[in-house]
Amino acid sequence: MSFQDIGVAVVGAGFIGPVHVEALKRIGVRITGIMDTDPKKAEEARHQLALPKAYTDFATILADEDVDVVHLAVPNVLHYTLSKQALQAGKHVMCEKPLAMNAEESAELVALAAETGLAAGVCYNIRFYPLNLEARDMVQRGDVGQVYSIVGRYVQDWLLYDTDYNWRVLAEQGGALRAVADIGTHWMDLITSITGLKVEAVFADLQTVHPVRKRPIGEVETFSGKTLTEDQLEPVDITTEDSGAILMRLEGGARATLSVSQVTAGRKNTLEYEIAGSKQAVSWTSEQPNRLWIGNRNSPNAVLERDPGLVSAFTRPFTNYPGGHNEGFPDAFKQCFRAFYQAIASGQTGTPLYPTFAQGHHEVVLCDAILESHREERWVSVSY
Amino acid sequence: MSFQDIGVAVVGAGFIGPVHVEALKRIGVRITGIMDTDPKKAEEARHQLALPKAYTDFATILADEDVDVVHLAVPNVLHYTLSKQALQAGKHVMCEKPLAMNAEESAELVALAAETGLAAGVCYNIRFYPLNLEARDMVQRGDVGQVYSIVGRYVQDWLLYDTDYNWRVLAEQGGALRAVADIGTHWMDLITSITGLKVEAVFADLQTVHPVRKRPIGEVETFSGKTLTEDQLEPVDITTEDSGAILMRLEGGARATLSVSQVTAGRKNTLEYEIAGSKQAVSWTSEQPNRLWIGNRNSPNAVLERDPGLVSAFTRPFTNYPGGHNEGFPDAFKQCFRAFYQAIASGQTGTPLYPTFAQGHHEVVLCDAILESHREERWVSVSY
Amino acid sequence: MSFQDIGVAVVGAGFIGPVHVEALKRIGVRITGIMDTDPKKAEEARHQLALPKAYTDFATILADEDVDVVHLAVPNVLHYTLSKQALQAGKHVMCEKPLAMNAEESAELVALAAETGLAAGVCYNIRFYPLNLEARDMVQRGDVGQVYSIVGRYVQDWLLYDTDYNWRVLAEQGGALRAVADIGTHWMDLITSITGLKVEAVFADLQTVHPVRKRPIGEVETFSGKTLTEDQLEPVDITTEDSGAILMRLEGGARATLSVSQVTAGRKNTLEYEIAGSKQAVSWTSEQPNRLWIGNRNSPNAVLERDPGLVSAFTRPFTNYPGGHNEGFPDAFKQCFRAFYQAIASGQTGTPLYPTFAQGHHEVVLCDAILESHREERWVSVSY
Amino acid sequence: MSFQDIGVAVVGAGFIGPVHVEALKRIGVRITGIMDTDPKKAEEARHQLALPKAYTDFATILADEDVDVVHLAVPNVLHYTLSKQALQAGKHVMCEKPLAMNAEESAELVALAAETGLAAGVCYNIRFYPLNLEARDMVQRGDVGQVYSIVGRYVQDWLLYDTDYNWRVLAEQGGALRAVADIGTHWMDLITSITGLKVEAVFADLQTVHPVRKRPIGEVETFSGKTLTEDQLEPVDITTEDSGAILMRLEGGARATLSVSQVTAGRKNTLEYEIAGSKQAVSWTSEQPNRLWIGNRNSPNAVLERDPGLVSAFTRPFTNYPGGHNEGFPDAFKQCFRAFYQAIASGQTGTPLYPTFAQGHHEVVLCDAILESHREERWVSVSY
């Protein structure tokens, strides 16, 4: 099957839906349309993105025989229900993270995906920065040696002030965890995919610096807070965390330390990790995604620039521009979807490269354990 | 007129043609097809990129009423002829740089474009990294003060060895100048567009480190040399420069110093500039395109991260992702084309934001002056 | 009293003793000599450093009326006893960290210092990088706002292999904690001195990646392992930690996360912190000690270069070279000692700027709490 | 002869004289005193630096049998005369750069030094940053291959405004060239010492952005302008350059491009170079002096951290602290003087490592050629 033969509907016309659309266009699948429950927004998005249809209800998509795959770019609270319905309707699913609001839901989705044999992915796109794939290959091929420890963070500043608001700050919309679920799971998915090591236990300490936030009378899109005027606001109680630290014990004895924050001034969206192994260390930051630092003990350190001619055969198919021609955020989406559609087009079996529902479930399980650890102030074992 | 109403044909299926295609898809114009004179390559590209038609001759495109605009992503030697034919056929043109092989040709194209009233652009995409637009706005709004000097470079390593080969090394294919024309003109277009200052005189010293290169029996695409095996090679004399330095005197007394090189090991594709003004300095490097350094004398320096909420109203329309979500090389193409198609769609008059044929002509004139200066070892005045 | 009137003896001719000597020479105090119990080493050091006397026993120093101050640059296990004897003999003391092997010892030294009224400092020199003083002043003057969280690390690679050995790896020589005590306390002293906030509780997870190391038959100096041949080695059991993570709760609700490691390949000696406050964030790394990153939410970030003309009046006396003339590790020692001797010369009362025995004691108390937390896997409250 | 046996007098109590003093103390030579013609300043400096004598006239130093070496840290206009007198009096000389006001003077000093057999050095200390020594060794041992080109700059901002003033801006005090002589010669000495290649021809374009500056009624020390009040000023005509570009042709065909500026806002004191060779490129910036970038074409780039265990045997004696313990500006002085005094102490013959009068003369010759080139707008051959 060719990519052009695959029909795709994108659900959600907020910030991230159009990002999906552009990436899908670039890899050459056939987009049937975009959906928003607000007909005006749906039509605007359809026009803006030059797509065939503006959907306004999910049932229409499920009934559309032209649609083979649905992309879910909707608030977290809807992920479970829409994923379930899509799978039941025989559609492949690419769902934004986190996969569900709790582990019961995500476990059910994993089982349903397995039953149906449909491709079911969670959009942990950060794996697909080429140098993150290269780091994965470096660990897998033994360059790094035994992994001793991983340290990193994912920090932002878009919720710094108590006047910053988004549906994600509400537990009922985004889930009981916020910074951990929204950005922390990206980091955890990334380091577990790179190292191939599962997290066995977690210890967490979370922090809500603004127990009350001021909500604009008309709610706003993610990340757009900075240009908002602050005229009409109402107080709203917040139980989700603004920041936190998580310690992890991984298979084989490795440890990981993660800091998350949505209240660190000046860090717009910074994900960093450093993996220390018995032979080498590797370090990457989203602030310079085309560069991988490789630490050596007895020789100079190395800096690998993203370059199809310098990365391994594993990574090369997922990087499209010559060295020095920077790839960025939208390119990681493109490559993530490329892996997903290659699996669909080839009818691939075995463990695919894209983040599966099973892996998305693991992140939900980790979130549950993190919340429990934070509340009980003790190490919590993780069973998936 | 809406973007979707505009039909576009892309000519050239090498490295850069597909880059055009992806960018065009992202902004939502209607691509009619891609052309390569080799039918097999044309069809492969069409399929790979999921496009309607595979063109194999330019006349078909010119005759295609569905085509409003042609993008020329072909070797330099063809730019003049194809641009001319396209304009004469009533098509808007976006041509890869340099616009022509000499100033007579480019002057003719400027006149033809003016006569026809068609949009005619040269693909100096680097202007459209959002922070380069911001630097331009900073200079224009007076933040930088009087521009004293500009220093920078554009360096690569893909032609380091004498076994590296590409059509561009041959004067008859790429022009008498190579590094200056291919990458130097990007830098010169960039700094003249940022500062708004024309170059009045140049002094150049160019260098060919490999007067003989070894050509593969089957010629290769740009940038792909690194993965080539070196089995069958033939010697070929080279007259184009591998590197060089150019001094410039700009309107109002400002000076510029540019180094170009295609033989600097480890620099895959690095463009840097630093503009020193009477109030501030601004510095940008393509190695970190989402960051603009702003130098101050009596206060801390500033680092502006690309962020729609932090850049000016001038720049904001040309950056699509939140702060910290890196934009890169393909995004600069997208924004360059956005400016071009906005001008077409709106029937814009006055000086457009995209790089025009007039500006492309200026670069060709500069190249001629640079070559003359190098040969005669003296300052050469530039008249456009 | 003038600096030249103060007589100083330095005890210890290993790596750090001579660092003290150079710093003392630079600020202009009068060094009477250097001590090593091995007469040959003592004389070599005296000659190499061009000092008057080579001491071989501590009693001679205590009896030397020409000595007003002793600097203790000896293994940790000796800090308590020698500090005590020096104070009892009426000498001011500058002791290398950690102040003692446990909190009983350090508490006793604090009391003794208070009784005698002598100046008693612990060599947490990192405070005295000028930009760390500036960060402190930024927090104190309110620029940063309320401190929400602090994240950072102190990592090295000199003990990466099991063939790396130094007296510090043995609990009986260096203390039950190693990485935490040796480098972690530097970080904790630094962030508590910058923020002015005491640590109230700790949670720790420590890791020994090499439970057995191979000891050279002739023991070696700190840091020199890299050039050692590995001929004759004997196994030795190790109980001290190679790396670890520590979570902290500070006064007023701020949190801190620290990672320490002596087994991270390629990081020779990297200390980093980022303090996130309600108004700004500040970040510093020892890899670029002359640069302070200041994060802003609604304006560009700032980068303050160390420059006497740009730092505050608080910092200015502790930086000696113009902007762009980098200061480094030996300069931080110089400034630390400058603060210490200014206090002595002026007979200063009140809280001095140099790290006092009381603050050194706090670090020992923290180490005890960290060890307890690690062993019991729970938060441990800290009482000083 | 031991370092302690060598008596040294430092002439000049401005900014740089005390820098000499500290470095001399650190290497353990015996400083007899410091000189300033103003008795008050001389005594203040003596006291501040804890030195034996406060000299107020040069004759006294020349007559002082205790003085073996004189360090000249005085305005450029005095370098020739004092160096000459010192050599004639049988004293070794370490002179601040530039060696003289013109090539006749410097040639005479070279001859005089050779006649007397005394050690005669010019303080191009930047060579002695350990990683600059390492770069030199890399070139010498063939790692870099044939040198193709060198690009770099030396830029500052302390003379940005027309209210910035220092004796150096006056041709009669500092020489006809300013930025080139003061900072440009540092760069040229550095790259010629690293590559071992002499400059054969130069082309220059210089720029004076402030033809009139405002002089404070009481003149000020170098670099202190930033904290000056601007109350009482008088206009003074300036003929020396604020910035400029210099192209060079070196032995064997290599080219160099240098930009100098004292009017680039935000660059306090930045020296950068990148040497592109047939095998590797090496790049260093004074903003991160403990890091050397090494560019590779077909493998990842390398970053060498200054570390006695990682640098070559050539460099190791000139770096004193372990990796990660940054060395800076004062350390480069220390190492420069170490090389100088080792030559004196050992009675070394042959080409010493420290910058000799012959090399200082080369820089003066280069300055003369640069000035001629700038005035005549043509390439000027250099004969030493």
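Letters A, B, C and D name the chains as they come in the text, with residue numbers starting at 1 for each one.
In the analysis below, a residue touches a chain if its C-beta (ideal position, glycine included) is under 8 Å from a C-beta of that chain, and two chains touch if they have at least 3 such contacts.
Predicted model only: the values in this text are computed from it and were never measured.
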Pair sharing more residue contacts (C-beta pairs) when B-D is set against A-D | B-D
Greatest separation from subunit D - chain, by CA centre = A
Hey, how far is the Cα centre of subunit B from the one of subunit D, in Å?
-> 41
Note: subunit D sits from subunit C at a C-alpha centroid distance in Å of 34
Intercentroid distance (Cα basis), subunit D paired with subunit A, Å | 53
Junction residues of subunit D - those touching two or more other chains = 226, 266-267, 293-294, 298, 301, 305, 309-310
Can you list the subunit B residues touching subunit D in their complex?
-> 148-149, 151, 153, 155, 157, 160-161, 203, 205, 207, 209, 226, 242-243, 245, 247, 249, 253, 255, 257, 259, 261, 263-267, 274, 276-281, 293-298, 301, 377-379
Within their complex, state which residues of subunit C touch subunit D.
-> 2-4, 15, 19, 22, 25-26, 28-30, 47-50, 156, 158, 223, 226-227, 266-270, 286-291, 305, 307-310, 321-331
Residues of subunit D touching subunit A in their complex?
-> 293-294, 298-305, 309-310
